[in-house]
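Handing you a structure now.
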Amino acid sequence: MDYVYGPGRNHLFVPGPVNIPEQVLRAMNRNNEDYRSPAVPALTKTLLEDVKKIFKTTSGTPFLFPTTGTGAWESALTNTLSPGDRIVSFLIGQFSLLWIDQQQRLNFKVDVIESDWGEGAKLDVLAAKLAADTDHTIKAVCIVHNETATGVTNDLSLVRRILDEYRHPALFLVDGVSSICALDFRMDDWGVDVALTGSQKALSLPTGIGIVCASPRALEASKTAKSLRVFFDWKDYLKFYNLGTYWPYTPSIQLLYGLRAALDLVFEEGLENVIARHKRLGQATRLAVEAWGLKNCTQKEEWHSDTVTAVLVPPYIDSSEIVRRAWKRYNLSLGLGLNKVAGKVFRIGHLGHLNELQLLGCLAGVEMILKDVGYPVKLGSGVAAASSYFQNNIPLIPSRI
Amino acid sequence: MDYVYGPGRNHLFVPGPVNIPEQVLRAMNRNNEDYRSPAVPALTKTLLEDVKKIFKTTSGTPFLFPTTGTGAWESALTNTLSPGDRIVSFLIGQFSLLWIDQQQRLNFKVDVIESDWGEGAKLDVLAAKLAADTDHTIKAVCIVHNETATGVTNDLSLVRRILDEYRHPALFLVDGVSSICALDFRMDDWGVDVALTGSQKALSLPTGIGIVCASPRALEASKTAKSLRVFFDWKDYLKFYNLGTYWPYTPSIQLLYGLRAALDLVFEEGLENVIARHKRLGQATRLAVEAWGLKNCTQKEEWHSDTVTAVLVPPYIDSSEIVRRAWKRYNLSLGLGLNKVAGKVFRIGHLGHLNELQLLGCLAGVEMILKDVGYPVKLGSGVAAASSYFQNNIPLIPSRI
Amino acid sequence: MDYVYGPGRNHLFVPGPVNIPEQVLRAMNRNNEDYRSPAVPALTKTLLEDVKKIFKTTSGTPFLFPTTGTGAWESALTNTLSPGDRIVSFLIGQFSLLWIDQQQRLNFKVDVIESDWGEGAKLDVLAAKLAADTDHTIKAVCIVHNETATGVTNDLSLVRRILDEYRHPALFLVDGVSSICALDFRMDDWGVDVALTGSQKALSLPTGIGIVCASPRALEASKTAKSLRVFFDWKDYLKFYNLGTYWPYTPSIQLLYGLRAALDLVFEEGLENVIARHKRLGQATRLAVEAWGLKNCTQKEEWHSDTVTAVLVPPYIDSSEIVRRAWKRYNLSLGLGLNKVAGKVFRIGHLGHLNELQLLGCLAGVEMILKDVGYPVKLGSGVAAASSYFQNNIPLIPSRI
Amino acid sequence: MDYVYGPGRNHLFVPGPVNIPEQVLRAMNRNNEDYRSPAVPALTKTLLEDVKKIFKTTSGTPFLFPTTGTGAWESALTNTLSPGDRIVSFLIGQFSLLWIDQQQRLNFKVDVIESDWGEGAKLDVLAAKLAADTDHTIKAVCIVHNETATGVTNDLSLVRRILDEYRHPALFLVDGVSSICALDFRMDDWGVDVALTGSQKALSLPTGIGIVCASPRALEASKTAKSLRVFFDWKDYLKFYNLGTYWPYTPSIQLLYGLRAALDLVFEEGLENVIARHKRLGQATRLAVEAWGLKNCTQKEEWHSDTVTAVLVPPYIDSSEIVRRAWKRYNLSLGLGLNKVAGKVFRIGHLGHLNELQLLGCLAGVEMILKDVGYPVKLGSGVAAASSYFQNNIPLIPSRI
């Protein structure tokens, strides 16, 4: 019937794609529609207006590309930069690595600032580069807000302060794939020029929409940027925005209605409440890891991520075995360690449509698996640490008071 | 958007209606169909054949009434008995009480054998009654296999042995609403004459099918039973079974396809594996209750239920407050104490489409709530006890080995 | 994958179960819920209030039984009458026949007033009976508003006028299964005491809710009615209405949300617009039948039904072959002729979630089938007649103007 | 509830996105999954194998890009060609125009061979160009198999014969967006090097998968092609194919299961039967147009499309008004005339999950609209012509014989 049926619900704790709310599944359960009828533009208009709220921008222009995060990256870069442009980019884990790889393949000259995996972006190096760059040869600073491979969150407000300090005009491009709509993100306050995310992350939709949001400066830059782009070109979208039909090619009707439902849920909960919930989930997870006597891959508290926690395992354990076992025995999906940290970390994604009891079930599962693979964990210890924190911090559900 | 939205998944731990697998939701996501076309009888035929397997009967005849468990009760009684018939029935909790109430309203003379709530059926009293009933005035013995209000499972094989010992011809009618397809139930081996369940229990469907299964003796009895019935009459069904069209009135197309999917999942997991899973869930729950220092409403181990656990709270706590708080703060749905045990117990349903990590999430939630309401529980203690048991007993998921 | 896959959409034109709107399918696509949480009573309350609108009653009390139309019949009768009561009932087709059969099995003394199949109820005979019944031995008049087997609609306002003329206190019980929410039905204006319908008819839901609505007089009668009932007893519902929990046993969560969506759609379209749409569909179908040179089973215009048309075929054609062929060759589901009119009529159901172009597709299909089975129809003739009427009468869709 | 609710089913006759079968909607009604678990690669493997069958290739390599047809175009071009490459492309309507626009923006030197809109590709001009190109400066011939804007199908086998005649090594790139899986298409037989389609066309899925299939020659070409590509790069896919994990970035879980269901339905019906069904739908539509006294935009029979028909309206009618009216009054979605033929044609899409009675409903609707806008059509005339053809040609549904 299905490929690998296991009884009960799959416990999905990879850092994306994440659990989809029933409300969104329902909204998407529909036939196709003519996207040139008046209904689809009317819907699209509300989406473009409301999606700006999760970027915390009023001046930005959003684009809903039928693509993934990788495509959204490409759209952000090719619309604002020209081949040969010098950019600064931080290598702190697998996803920043992949973005840098894309930047290089797109023929930008990338100043890569590398950190150990588990550390945040070296912003002091950025400062030095900007200070030295009095000719403004640096055209953009590219940074992953939250590195999904290591669970590291970078301080974007500091990036802005550094740019401002040196009055540097470089564009500020942010991968917010595993942050936007879960972590505190402020496009306008922080002067971000392009921010992007994917539908399958904190918005809790299926994969399929790469959301790119451009500041007025970014739009301006796109008029002269010489990088080749067609499918990912903002210009085609802007043309159809002006016509009021919005779509240069066929969108997914189902994802549009799904996004409508997802945004409605975010606003019903309240964006600040959503962010607070992620803070609770992140904090509880870290307390559990500590209780187990394990280390967080993230090396300093300031970088701790509230959407994903990468857990270091002792050298005598292969973290891949933990992930395999989670799936095979407990119907639990955890994230693998990737590339440099393969075998060394496993990851717990705690973003999107998720609540505290779901996380506690996951943590209880991780404890059993740790025991399975020979790590001398005290069963219940992580759950106790997490639930002790939760019991003091979970608010009543507003709609049920 | 919804009535009382809370983020993340609702943790549904009432003892029915229970969690529906996605496979079943998918199967039910369909337009209506003409139930007189060849497709619906062909489907129905497979259902009637396969549903017998979950009753463990080859000689029984199943009926899929568009009704609830209450309707299934009425069908079982009115098709086999006549007004004024003497029957024996055991009062051990709210659901046996309601069935007895129905029996009395249907004008049977009911010998009620009452137990304290939390105790099982007094089978010794049954034995005495049967021994004394040399004239065979007792026409039926009615028993709830698993009393959902108290979490008490009765020993049906012993009922059969007692009936046999006294060579008593009384019909043996069983409410298996919260047992069949979760607990060990053997219609043929135990000589059960009518057994019944509801779709929203262990089969993990929506409410809407009352499944009644009749032995050859029960079918024979239905020919002379004088109780009035029309909607619930087996005769009408048997007529349409013979015609090969199966339905005297319109069935729910969606539930038929849903039942097909539900049965397929049971067989894919294996009925014995399903039962073993419920044993694990029941045992783990009891270990948690013990670790919390609380008492199980069920007074002896022999009566412990593997589908629902009623937990006694200290007198200074109102168990209804636990249930309210579970829903309001943790998006957790627990069962209320009913009638005699209202305010005294709360119930954890652990039946149907459910796995171990889901239960551990629930148990972690219960711990926090207990603390919320002033019970000095050690957070993590119940989870530790349960997961310690699980870690030793959960098999690999067969399809994933 | 499915049992009898055919490409494209199934054209469902049986007079029930009917096509379900996507909005309703979406609303039902959900997990179970605890029906004792505050959410379900809150939802139920709105349903009970709103469902009265489709009965056009403000004083009636509705009950949402988890059952079919047959169960709703039983509930209507057993709650208001006592065994041995004399009632008047009209036999005009298969469904009135089945209801009379039920009335007799429930031990009422039924004065059956029979018509030829294709004729309406003989209300003059009713008048004569009431005139003669000065002792008021007749306790109820039972009538099917719309006989689904023959496509005959009875004049209920005339029944009321006759009852009033003779100041006869008999209860007025109406089967509105294939009329309510499609034909003009006015419970309060016409002094109907019990009216009932099923969810799978004009409300366009799956089978599973038998909606019974009782007038204050009917509720009063239920206090003394001696017919045995338990599952179908209004008393149990009223008790839970008073408690504000609404449900004596487990409802189908999915159908409750589905009913909410179905009512919302009715109100969005406007109940009078819904009725007008059914008038158009009925009239167009009859024009097509006429254009084909065939006869309507319904013998006079006053009885024409706007929800189902039974078409008489020439004696040399077996109407069952038309139905079989429709399904086998054209993926079209038509209604069989039942009982006395088996082989002689086929039926086109045109009720529920249906629009004009759907009907025209069906009519085009019927033309081809008629030709297939040897009837010399002019292809396009029925469609031309129907669309000529439609083209003059279809209003713009209000939400799209 | 919805944006523009109209009663009954929307009649979706735009040439994409098309009607989705319930089986596919069901398959897609699911939560996200970890795409790195063993389940998703196992599923993907079957998809890649089976999707080749609808391209009729055994040697091709398919890619399932999370994109639209426009993205698939870009992938086809950038993986096989280098900036400055000379290519030949045929301008015969809006979609070939858009592809040519993309080709030019991607910096290829395009020899545009233009036809009147309504004519097919001028293959004699291609022949002349190839004959003259003894140096093989032409690197690719790009052709739209079926121009969706005008309903013109080009003869691809002839393109191959011309290439072969001149032993010209140019790559043969085909847009099969509105043809593959509906029209006769033979990648291997016709020596097509890259063929592509979109999920929302004949496969009857939501928008979101751009399927690109590459011949061994195309794969070889991709090793040296210098066009910039990252998101659309085949190389990344091939790398993950080799690893057996298949995905360089996150796919849509829902679309993968949907594609599985869609392919299963195609194979259940039989690909040749699918093609034959489209032939019937196309032929019937053309007969109706003729009966109405209107002209097909397609100027010769050899170019007639079996997936979309563009109908020319008299000069005194604005075809956009027909489309608007269809939607506003009849809940019918027709295709607009685009660009050069805006206002002059409306389009009937007849591809994907569609059967004959659905089309007849549409044709009946078009007749009424024509009358609405003042064209003197004889109602029923088109339906008669179409159904006369259908009645002689529709086979029995194989699964129902």
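A, B, C and D are the chain letters, set down in written order, and residue numbers restart from 1 in every chain.
Here is the rule we use: a contact is a pair of C-beta atoms (placed from the backbone, for glycine too) under 8 Å apart; a residue touches a chain by one contact, two chains touch by 3 or more.
These numbers were taken from a predicted model, which means no experiment stands behind them.
When the interfaces B-D and A-D are ranked by how many C-beta pairs touch across them, A-D comes first.
Ranked by distance of CA centroids from subunit C, the top chain is A.
Centre to centre, using the average C-alpha position, subunit A and subunit D are separated by 34 Å. In terms of their C-alpha centroids, the spacing between subunit A and subunit B amounts to 44 Å. Centroids built from CA atoms put subunit D at 53 Å from subunit B. For subunit A, the set of residues that touch two or more other chains comprises 2-4, 19, 25, 29-31, 38, 327, 400. The touching residues of subunit B, when paired with subunit C in their complex, are 2-4, 10, 12, 14, 16-20, 25, 28-39, 42-43, 66-71, 74, 102, 105-107, 198, 200, 206-208, 228, 230-232, 248-255, 327, 333, 336.
For subunit A in complex with subunit B, the touching residues are 1-9, 11, 19, 23, 29, 261, 264-265, 268-269, 274, 277, 327-332, 353-362, 364-365, 367-368, 371-372, 378-381, 383-385, 387-388, 390-391, 394-397, 399-401.
Of all residues in subunit B, only 22, 25-27, 29-31, 38, 400 touch subunit D in the complex they form.
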